[in-house]
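Consider the two complexes below, in which subunit A is the common component and subunit B and subunit C are the respective partners.
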Partner chain A sequence: MAVKFRHVNFTYSPKSPFEHDALFDINLEIDKNSFTAVIGHTGSGKSTLIQHINALLLPTSGVVNVNQSLITPVRIRKYRRKLEKIIKSKKKTNEEKDIAKSLLEESNKFSSYKKKKLRSEVGIVFQFPEYQLFEETVLKDVSFGPRNFGKSKEEALNLAKEALNRVGIDETYYERSPFELSGGEKRRVAIAGILAMKPNILILDEPTAGLDPLSSQKMMELFFEIYKQGITIILVTHDMNHVLNYATHVVVMKDGKVERKTTPRELFANIKGEDVISLPPLYKFMHELADRGCPLKIDNINNEKDLAKAIKEIKGHA
Partner chain B sequence: MKNIAISLNNVSYSYDKKNDVIKNVSLNIEKGKFISVIGHNGSGKSTFAKLIMGLLEPKEGEIKIFDLPLDGEHISQIRPYLGIVFQNPDNQFIGATVRDDIAFGLENQCYPQNEMDPLIEEYAARVGMSELLDKEPGNLSGGQKQRVAIAGVLAMHPKIIVFDEATAMLDPQGKEDINKLIKLMKKKNKELTLITITHNVEETQTSDDVIVFNEGEIYMKGKPEEVFLEAEKLRSIRLDSPLLYRIKEAFLLEGIKLKSKSIEDLKEEIWP
Partner chain C sequence: MRNISLGRYLPNNTFIHRLDPRLKFISLIIMMSMVFFRFPSVGMNFIYYGILFIVLLILMMISKIRIKSLFKQLKALWFMMIFLLIINLFTYRVPEQNELFTIGKFIVYDAPIYQTLYIFIRLLLMVSLTMILTSTTRPLDLTSAIEWFMYPLKLIKFPVHQIAMTLSLALRFIPLLLDETGRIMNAQESRGVDFKGGKFSEKIRAIVSLMVPLFVTAFTLSEDLSFAMEARGYDPSAKRTRYRIMKFRLGDLFSFVFILVCLAGSILLLVFRVDFAPFVVNLFDLVKGLFK
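Right, the complex of A and B next:
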């Protein structure tokens, strides 16, 4: 298990006029070496959820277990005392006490996270990562992260070269200014900057936003290659074709809650998507045919050619 | 040339004075047409948009807007005809509230305050933002911000509006909202010439014509059904057709010829 959310709630700006509850009782496990897509409407809690994985946000209550280290709302000892207090309280309900017991059990099994270690293990690529490039040369920019995490200059340069190689940027780019590269190249350099820190979990928040279909496909192929090399990928996206084509699992968020976790094919074959997600156009079309009474087995169909064959067969039997 | 809104005659453009990103393009766009422009990054489509907006000047050739040459002499005469909605909704929100933002263009045209208020309300209503007139940008979704940008453009009474990847940064709901609004604008004002620059081929199907840019040249041009039925030609530059045409192509391989011109009709044709 790479990531485990246990009874996580999160409130922005608590006890202020801007207080806003964003996550409600999140219980979620993300497998090691999986490619998990997180989907849902704007405001459903996707970005809030992922920012808990490298402790950019701390839970208001509940815990997040990342690589066997625990992220708690306050320091772990204080949190344990708080949970013990809930368990002993006469004012709390049995349900609240049961939750506190299970969280206490979890907090006793694992040690607290170390911020620096966690941030090197969990890399986050935000939307438009190229806006974060700042160094004079591509190589300096990519080696900045490892240097900042205490690597020697030589080690950092080697890590940077390895990461650049992984994203398909060769040595002819090393001494060029990142600002003179094309949009797609800049984004690759920015991603290399994250990979150079050798994360074992890579979180991608809408990484293909603003790219044309060809660049977007190339970018997704790159992430799939990284996933195949053994890195756990967590992808926040609105593009259902990416979910269908690359993800092994999909988490559906709605109103700050995990609506379901399943596989993409199972999701798209069995959900019509009016409410939570926009289906890939082919699946939407097939569901609409099924609504008209067409006896299609949607989960057996992968593309338009399969659909044409299936319809021909159905009509042949009719 | 009375019916021509935009004409390009052998237009070329280069950012670095060495490599042309628009190469000898000639084209006429009729008044009141809804045109979709597609192509990969670097194909020249956004440069094309900036050229017809007068934001860039051609290296060679001539551009005319309603038969007036788009040059230094005529630009101030032509500008009021043109409106553009950009990709990033955050970069084009100028006012502190929705009301202020829509007012910005009108203030620039020196409208008196008492005439501005009813106009602001009219244009906010047209884009479905009447309820949110006093909201700040931070309280709006990306789709809502784009709707405000469109209201601001409409308030200037342009005759041509260019949407330069205006839905690219929006979530699916925001995309749908803007596409519906574009269709509604077209329905309500048949004189308005609309040009959408987009990556999303599914958005192009209701347009009158589709222009495909590749390496600075017009690679294909025609009605959606003419362009998208040439799937192989599109695939050779790694572009795909909308779902309607992909399904028709797949059925043809199975020996079934489908005639539908819309997804709705296609459902009926496949399963009446």
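Right, the complex of A and C next:
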């Protein structure tokens, strides 16, 4: 298991005029070496959820286990004491006590996270990552992350070159200012900045937002390539085609809660696209055909070719 | 960054929220000037500031502003106050000052400490006043009020509307830039930047990694905004109508009278050099005596 959320709740700006609850009792496991898509409406808590994985946000209550280290709301010892208090309290309900017991068990099993180590292991590519560029040259900007994590200048430059090569930026760009590049190039440089840190979990928060379809597809292929090299990918997206074509698992979020975790095919085959999910065109078409009486077995169809074959077979029988 | 509430409008429907923005703006100016009144006796100054502070706390309670959030905003002032106290201890001298204690050969007088306290209290009062105004008035209403006050300047061809629009956009950009700062900080933190700790050189580097993208974003946002305004036919010199018409109601009148009474009272206290300090001391002794 790469990431495990246990009874996680999160409130923004607690005890301030801007207080609002964003996550409610999240229990979720994300497998190692999986490609997990997180989907849901704007404001459903997707970005809040992923920011817990590298401790940019700390849970208000509950714990997040990342690579066997624990992210707790406060220092782990203090949190254990707090949980013990809840267990002993007479005012708490049995349900609250049971949750506290299981969290205490979890916190006794694992040690607390080390911020630097965790952030070098979990890379986050935020929406419009090009806005985080600031150095004078592309190479310097990409090597900024590895340098912060204690790599020597030479090592950092090598890692930067390797990452730039991975995203298709050649050496003619190395000494150019990142601000001179086109939008797509800037984004690739920003992503290289994260890849250079060699994370084993890569979180992508709508990485293709604002890109043209071709660049978007190329970008997704790059991430899929990275996933095939053994890195766990967590992708936040609104593009259901990306979910269908690349993800191995999908987490559906609604109003700060995890509504379900399943595989993309199972999700799209059994839902008609109302409410949280807009179906990919292939599934929309298949559901439309099925609604009009076409005897399609949606579960067995994975792509356009399968669909064409199935239609041909049905036509043959008719 | 998300916890900063200074300068942010808090939507609510309190009496203060419903007041005319022009009245709130002029009241802010009147009360700010009242903050600078200084009485001959130290005791009277503290009593006066205490009364002002109580009035402001009541106003904050009516406006449903959490008093805790005010003190959160003051965290940054402590360092400034300590620095100011040190400067005042060495430089501030008045003819009448009492020796408090000595540190080696250095004599510490009371006047610099009082002076620092005055500055701190005035800052506290001004921050509270500004907080009440911005928390209860929509930025657009505030700029409409400013534009209304600057209206006579139109006679001398002063670009009143342009100034008001600039102000309103600047106010509009505050929460946007705060959110953007939070976003960039998150992105840089995930690249290993430590904004809280580290050596001085690392801190400088962390600030650069925040400021450069922030400026780039701010310029991009402002450029996009100007294009969007032009695309929707914005003409700075055109005569404009208003969606929301400001109306001066009975509640506004009563509030204005209250502010004027406060101002008049303060001026009278100042002119007649009234000193409540001995009275308060006597009262305090009397109460103490009752409990013995």
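Going forward, the second predicted complex is superposed on the first by the 309 of 318 C-alpha atoms of A that agree within 3 Å, B and C clash if a C-alpha of one lies under 4 Å from a C-alpha of the other, contacts with A are read in each partner's own complex, and residues count from 1 in each chain.
Everything that follows uses one rule, which is that contacts are C-beta pairs under 8 Å (C-beta built on N, C-alpha and C of every residue); 3 or more make two chains touch, one makes a residue touch a chain.
From a predicted model like this one, the values you see are computed outputs, not experimental measurements.
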item	value
First (subunit B), second (subunit C), both or neither touched by A:282	first
Which superposed partner A:292 touches (first subunit B, second subunit C, both, neither)	first
First (subunit B), second (subunit C), both or neither touched by A:41	first
Partner chain(s) touched by A:84 [first = subunit B, second = subunit C, both, neither]	neither
Touching partner for A:120 - first (subunit B), second (subunit C), both, neither	second
Touched partner set for A:215, first subunit B, second subunit C, both or neither	first
Shared subunit A contacts, counted only where both subunit B and subunit C touch the same residue	none
Subunit A residues within the subunit B interface of the complex	41-43, 182-184, 209-215, 238, 278, 281-282, 285, 288-289, 292-294, 303-305, 307-309, 311-312
Subunit C - residues contacting subunit A, complex	2-3, 5, 8, 10, 65-66, 68-69, 72, 135, 183-184, 186-194, 208-209, 212-213, 216-217
Subunit C-facing residues of subunit A, complex	12-13, 15-18, 51, 54, 56, 116, 119-120, 122-124, 126, 129, 131-134, 144-145, 147-149, 179, 193-194, 197
Parts of subunit B lying in touch with subunit A, wherever the complex brings them together	39-42, 87, 141-142, 165, 168-169, 171-174, 199, 202, 238-240, 243, 246-247, 249-251, 253-254, 256, 263, 266-267, 270-271
